Structure formats: C-alpha cells, structure tokens
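Each structure below is given as structure tokens.
The following pair of complexes shares a single chain, chain A, combined with chain B in the former and chain C in the latter.
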Partner chain A sequence: MQWSTLFKKEMLENWHNKKWIWVPLVIILIAILDPISNYYLPQIIESVGGVPDGTVIELPEFTPAEVVMMSLGQFSSLGVLIIVLMSMGTIAGERKSGVSELILVKPVSFKNYITAKWAALLVIVWGSLFIGMLASWYYTNLLYGELSLTALLQIVFFYGLWFMLVISLSIFYNTLFKTPGLVAFLTIITIMLMSVITQVFAHVLEWSPNNLSSHIFEMLMTDSIPSDLIGSAIVTIAISIILVAASILTFKNKELAE
Partner chain B sequence: MQEFFDAINWAVIAPVLVIQGILIIIAMIDWAKADNTNGPKWMWFFIIIFVNIFGPILYFIFGRSQR
Partner chain C sequence: MTTLLTVKNLSKTYDSKAAVKNISFEFQSGKCIALIGPNGAGKTTILRTLAGLLKPSSGTVKFTDMKENDDLRKHIGYLPQYPVFYSWMTGMEFLVYSGQLAFLSKTEAGKRAEDLLVKVGISEAKHQRIGKYSGGMKQRLGIAQAIIHKPKLLMLDEPVSSLDPIGRREVLTLMEELKKEMTILFSTHILSDADEISDELLLLRKGEIVEAGSMSELRQKYQTSKIELEFQDDLENYQLKVNKLTNVMDSYIDRNVLHVTATDIIQARQEILTAAANENWPLTNFTLNRASLEDMFMKVVNN
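This part shows the complex of A and B:
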C-alpha cells in the first residue's frame, strides 16, 4: 500500500518534470538516427561532392538485423548517457535539497522508498525503449526489409535488461553520494570498466551483461534464442537485484548515521 | 520519378522534424513557467532555440532547477 503511494508520487513527479515527454522523444531520435542516415548515405556523399565523375559508390546492403543493431549501438552510447543523466539526481538531488528528509520523517521504509524510485525509472526507460524501437522498426520495414514483431518484442525485452542494470547502478551511486554529477560520472566509469573487463576476459565472461547486444544479434541471425542470451539475461537480473539490495542497505546506514 | 523520390524523402524526414519541434515547444513552455533556472534564464532561451536537437535536452537535464 505504502509502496504504491510512493510509486504514484514518483510517476507524478516524472510527469511534472517532463521526463515522460522528453525521454521517449530523445530515445526515438537516437533510435532512428542511424537507420535514416545510412539509408541516405549515397545521396549525402553525392551532395557533398569531391567524388570524380563515373565513380560508382558500392555501399553494403544492410539486412534488417544489422539495422536494428545500429539502433542498439547508439543506445549503448547515447542512450546510456541520457539515462544516466536523467537518473543522476533522483535520490542525490532530493537529499541535497532536503526533500528526502521530508519524506523519510514519516514512517516510510527505506526499502519502499528506493524500490519505488527504481521501478518508476524502470517504467520510463522500458517504455521509451519500446517506443524508440517501434520507431526504428517502422524505418527498418520502410527502408530495408521485413523484421517480425516477435523479434522486436524480444529485442526490447532483452535490451531493456541492460538499461535496467544501468538504472540499478545509478540508484546505487545515488545512495552513496549526494552530488548528482559525481553519481553520473561514477556510473559511466563503472559501465566502461565493465566493458573493458568483458573484452579482456572474453572467453570466460560469455554471460557478461555487456554481451547482451551481441547475443541479441545472434538471436536475430539464427532466429532462435541462444542459451548465452538467457545466461546473460539471468546474470544481468541478478546483478541488478544485488545492486538494489545494496542500495537499500547503504541508504539505511547513511540516513541513520546522519 | 523525381517527384516520387521527393515524396518518400519527406515521409522519412518529417517525423524527425516533428519530434524536434515538440521538444523545443515543451522546453519553451517549461522555461516560460520556471521561476528560476540553473544559470541565467535568458541564456537557456538561446540554448533551447538555437542549439539543434541537443538544446532542449540540455535544458531538461541541466537547466531545470530542483523545485
């Protein structure tokens, strides 16, 4: 009961600060950037000029799966950046301005406070990812070729797990530090470190969350869900749960210490 | 043939322009209602209007002050 009140408060707040409007729109832009620009690449090269007459520009024909991977590639960089910047102040900002004290003066459990925030962010991000991929899917079907709706839903679900991990990381740092900028910085550094570690120990870390998108590509190519994708998904979910649990613990200790 | 190509072209590009337009409008409404922003208010006006695509996003992330 208390949880749903807090959750509704978060949803309302995300509506007031316009996150519900700008995050989906920005994610759509990010998703359709590459499919469109790659489609018009020949025209762009032609209009820029500098190519001798009679030159035939041979550009690779992209398959729908490759186009989807372009969108996911942009999500991994720009999309993650947007999510981190959007979530950096969710708790840290409230603690700085003293709002969290107003809430926590009431008998609100730390667990409910943290998980309500986490869930509200998750709904925005998963919703935006769905809308963004829908836009990318529209362009893929329009410009490149058929991609099934089932494949799209699978992509949204599995890639959403990666975004879930990003949110969990951000929430975790939010409970540790009061400065939103520091939270964003540390979240991004951690994600970069994870990707370096995954690359260095590639042969043992087949189930690393960072491999989610390459496993998704495999799924699109083979038209079946590879076991490595399931493995990565489970690892990602597990890490997220651990991070949220750790957030609740650190937040409890911090608040009680103050 | 040329006309046909132009028609396709617009169907592809228009959504991008529409999304950018919505972002600018929403950012401007929020900006007009805001009592104060992080940094001078007039500065954000120019950022929202003149910085392509990223202007409104920058405003939403950095410009809005907490309450």
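This part shows the complex of A and C:
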C-alpha cells in the first residue's frame, strides 16, 4: 500500500523528467549503432574516399550472434554510463535538495522507500533494454540473418541482470552519499574494479557478473543455456539483493538531515 | 492537563562539537511552545532530533502514550525552515501523496487535502505546479502537509522568519487557529512572534536551556524596577527633583527619556505622580517598565 504509493510516484516522476523518453531512445541508438555501421562499412569507406583504386576491402562476415554481442559490448560501456547517470540522483538528489526532509518525517518505511525506487529504475532499464534489443534484433534479422525471438528474450533477461546490478550499486552509493556526481563516480569505479578482478582471477571467477555477456554469447552459439550463465545469473541476483539490503541498513542507521 | 512528550538528557554532538547539551523538558498537550534563541543555539537540531531526522548522541525522546516500537513519526508533523517539494507536483497531489505515506487511504487523503487547502488559504492554487508557488504559499502548503495525518505534535522550524509582513501575519493567524487543535512547538528568533502566540517559552543558548516557563512567569522574574519619564521641558531640571524623592535610587537620561530606578517601584510611582500633580510638571509620558521579551532575552543570553 505505502510501497505502491512510493512506486507510482517514482514512475510518474520519471515520466515528468522525461526519463521514459530519453533513456529508451539512447539505448536504441546504442543498440543499433554497431549492427548498422558494420554492415554499411564498405559503402562508408568508399564514399569517404582515400582508398586507392583496386583495393579490395574484405570484412569478416558477422553471424547474428556476433552482431548481438556488438550491441551488448556497447551496452557494457555507454549503456552502463547512461544507467549510472540516470540513477545517480534518485536518493542523493532528494537528500541534497531537502525534499527528503518532508518525505522521511512521514512514517515511511525505509525498506519501502528504497525498494520502490529500485523497482522503478529496474522497470525503466529493463523496458529500455527490451526496446533497444528489439531494434537491434530487427536490423540483425534484416541485414545479417535469423535470430529467434526466444534468443532475444533470453538476452534481454540475462543481460538485464547486469543492469540490475549496476542499479543496485548506484542505489547503495545513493544511500551513502548525497552528491549525485560522487555516486556516479564510485559506481563506475566499482564496476571497473570488478572487471579487473574478474580478468585477473578469471580461472576462479567463472560466475562473476562481468562474465554474463560472454556466457550469453556461448548460449547463442550453442543454442542452449550454459550452466555458467545460470551461475553468473544467480551470483548477480545475490549481489544485487545484498546491495539493496545493505542500502536499507545504511539508511536506517543514517542521519537523514544535517 | 497531560504530558505529551518527555525529553530526557538529550545531547547531540557533531564532530565532537556539542550542538545540544544535555537538555530535558516536558510538553503538556494543547500548549504552544516557542523555542527561542540566537542563531546557532541548537533550535533546528532539537526539532530535527524530535522529528527523527537526527539521532540523539544520548538521551531519550518519548511520547507519553506511545507503545514500544511504535513509529514516532506517526505522531508528529514537521515543517523544516526551508521546505522543498517535488516542484512537478501540484499542491493537491503533494498533499494526497503525503497523506498516503502516512497511511491514509487515497479518498481520505483527498478529502483531508481539500479541507486543508481551504484552511491554509491556497485552495485556488491547488491544481498549480508547486514550482510556481510563492514563498508564502509554499510555507502554507508546508503547514498543510505537516498536519495532513492529524499529528499530536506539530513542529515548525522558523515558520515565519522568511516571509514578508503579510505572509507572516497570515501564518501567525493560522497558527493561532491550529493551537486549538494540537500541541505546537516552533522555533523562532523573532521575539515578538513568540510573545504573540506561545504559551510557554524555552530560551536556548549554546545548546542549553537557559530559561523556561510561561510568558507571565518570566515577565515577573525579569521585571525591572524602572520608570520612564518624558517631559516637554528640559529634562535635567526634573532629574534633580526626581532624585530627591525618598524611594528613588538613581536616574539617568537617555535619548530624552529619564530612566528612574527605584527601591520600591510602587512607592516611587506614588511619589512621582503626587509631585507631578502638585508642581504641575509637563509630563508627556509615564511608563512603569514591564520587562519586554527582548530585555529578558538579552539578559539571559548575555549572562
């Protein structure tokens, strides 16, 4: 009851501040950039000129799975950045502006407050990811070859988990600090650190969240869900839940004004 | 009269600097209490601690009829000094949202919001974005959101100090009305506001309560035995005459006013008035000085 009040307000606010417009648009753009530019690369090079006559441009033929991976590759850098920027002020901004001083003196449960924000962000992110991948899927089918709808849905589900982790990290830092820029910085640093650790300890960290996309690639190649993908998914969900729980705990012990 | 709230040995320290030092007090329900003190005396810290926005470093805050583990925030309404709203919401939307957060149903919250918008006098702007509200309108919306859930205690942090004279008057009138329905605790550094609407005062200085009591109690306590006289003629002539009276201790002239200190103020009054009548003094003003809140404040704060 109180949760749905908070959740509805978040959804409405995200509509008012146009997040529901720009996030999907940017995600679509990111998703289709590589599939299209790679397909038309020979024409692009030709029209720009500068290549001696008679040069034969040989480009590898991409499989649909590889094309999807291009989109995911862009998501893991630009996409993450967008999500971090979108979520950096969700709590920090309210505390900084002072509006939280009115909201949190009402008998609002911190669990509701934080999970409602978390859920509202997840809805945007998953929704945008779905729309973006739908666009990517369209061009993949048009330009490169068949990719099944089931495969698309699986990609959206599993890759969405990675975005969920990013959101959870951002929420966690949101409860610790009230400067949105600092929240964004720390979230990105943490993701980079996780990526380094995953690479260094690759042999033991097979289920690291950072490996989600390589396991997704494996899934597309073998046409079945590899157990490592399930493992990574479970680890990602677990870390997200821990982060949200930690956020609630920090908030409970926090001075909400200063 | 019952005790509504008991604060015991409350302290609040920021980075080893004490903002509030070991204060204890009680509120009776139905009273209007003013927290008075210079800037930095700890008024806002006390209000925020009572509102649950700050955690006390030590000490307790307890409502008399509150159950164990009950959420204190259900019983209080709070308006910060500079309230910030979601500027994309309308006044009506914000009130309904606040009400729902305090466990009113949507219809209840809507009904209550309508009533309150009329009561605080901004019902014609209820469907306007809050971003377009003036300072006075925001302050009134702030009061409305603070009482939407009918709290037992309403706390207002400097409710009128940022308003222009008209807005100030409107908010004070509103508080006067709310006094009948709930206990109000408000902070201010404007002494005349406190004098006007509060039943009791808590004077703070550097995080400590230096004086507490009702207005009349404090007046009595800080009453000075002073008489002020003004004359049409040259003052010094009369100063000599006044000084000769038996109950007059001393006198001095400041800005064309003769200030007379007396050993017994009632006797001195008698003497002066008799002399004035007999000798036909051209008196233009005779004031038996009552301690003003400001005198009292200065005295207490400077001690």
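The rule we apply is simple: the second predicted complex is superposed on the first by the 254 of 258 C-alpha atoms of A that agree within 3 Å, B and C clash if a C-alpha of one lies under 4 Å from a C-alpha of the other, contacts with A are read in each partner's own complex, and residues count from 1 in each chain.
Please note the rule applied: contacts are C-beta pairs under 8 Å (C-beta built on N, C-alpha and C of every residue); 3 or more make two chains touch, one makes a residue touch a chain.
Everything quoted here is computed from the prediction, not taken from an experiment.
Once the two complexes are overlaid on the shared chain, A:104 sits against chain C while remaining clear of chain B.
When the shared chain is aligned, chain B comes close enough to touch A:26, but chain C does not. By the touch criterion stated above, A:17 is placed in contact with chain B and with chain C alike.
Using the contact criterion defined above for the overlaid structures, shared-chain residue A:2 touches chain C, although it does not reach chain B.
By the touch criterion defined above, A:143 reaches chain B but does not reach chain C.
Of the two partner chains placed by the overlay, neither chain B nor chain C lies in contact with A:197. Shared-chain residue A:257: touches chain C; no touch with chain B.
Of the two partner chains placed by the overlay, only chain B lies in contact with A:135; chain C stays clear of it.
Once chain A of one complex is fitted onto chain A of the other, the partner contacts of A:85 are limited to chain B, with no touch recorded for chain C.
Chain A uses residues 17, 97, 99 to touch chain B in one structure and chain C in the other. Residue ranges on chain A touching chain B, taken from their complex, read 17-19, 21-22, 25-26, 28-29, 32, 36, 39, 82, 85-86, 89, 93-94, 96-97, 99, 135, 139, 142-143. The touching residues of chain C, counted against chain A in their complex, run 14, 48, 51-55, 71, 73-74, 76-78, 80, 82-86, 88, 97-98, 100-103, 142, 145, 149. Taken together, the chain B residues at the contact with chain A in this complex read 11-13, 15-16, 19-20, 22-23, 26-27, 30, 53, 56-57, 60-61, 64, 66-67. By the touch criterion stated above, chain A contacts chain C in their complex at residues 1-2, 5-6, 9, 13, 16-17, 97-99, 101-108, 255-258.
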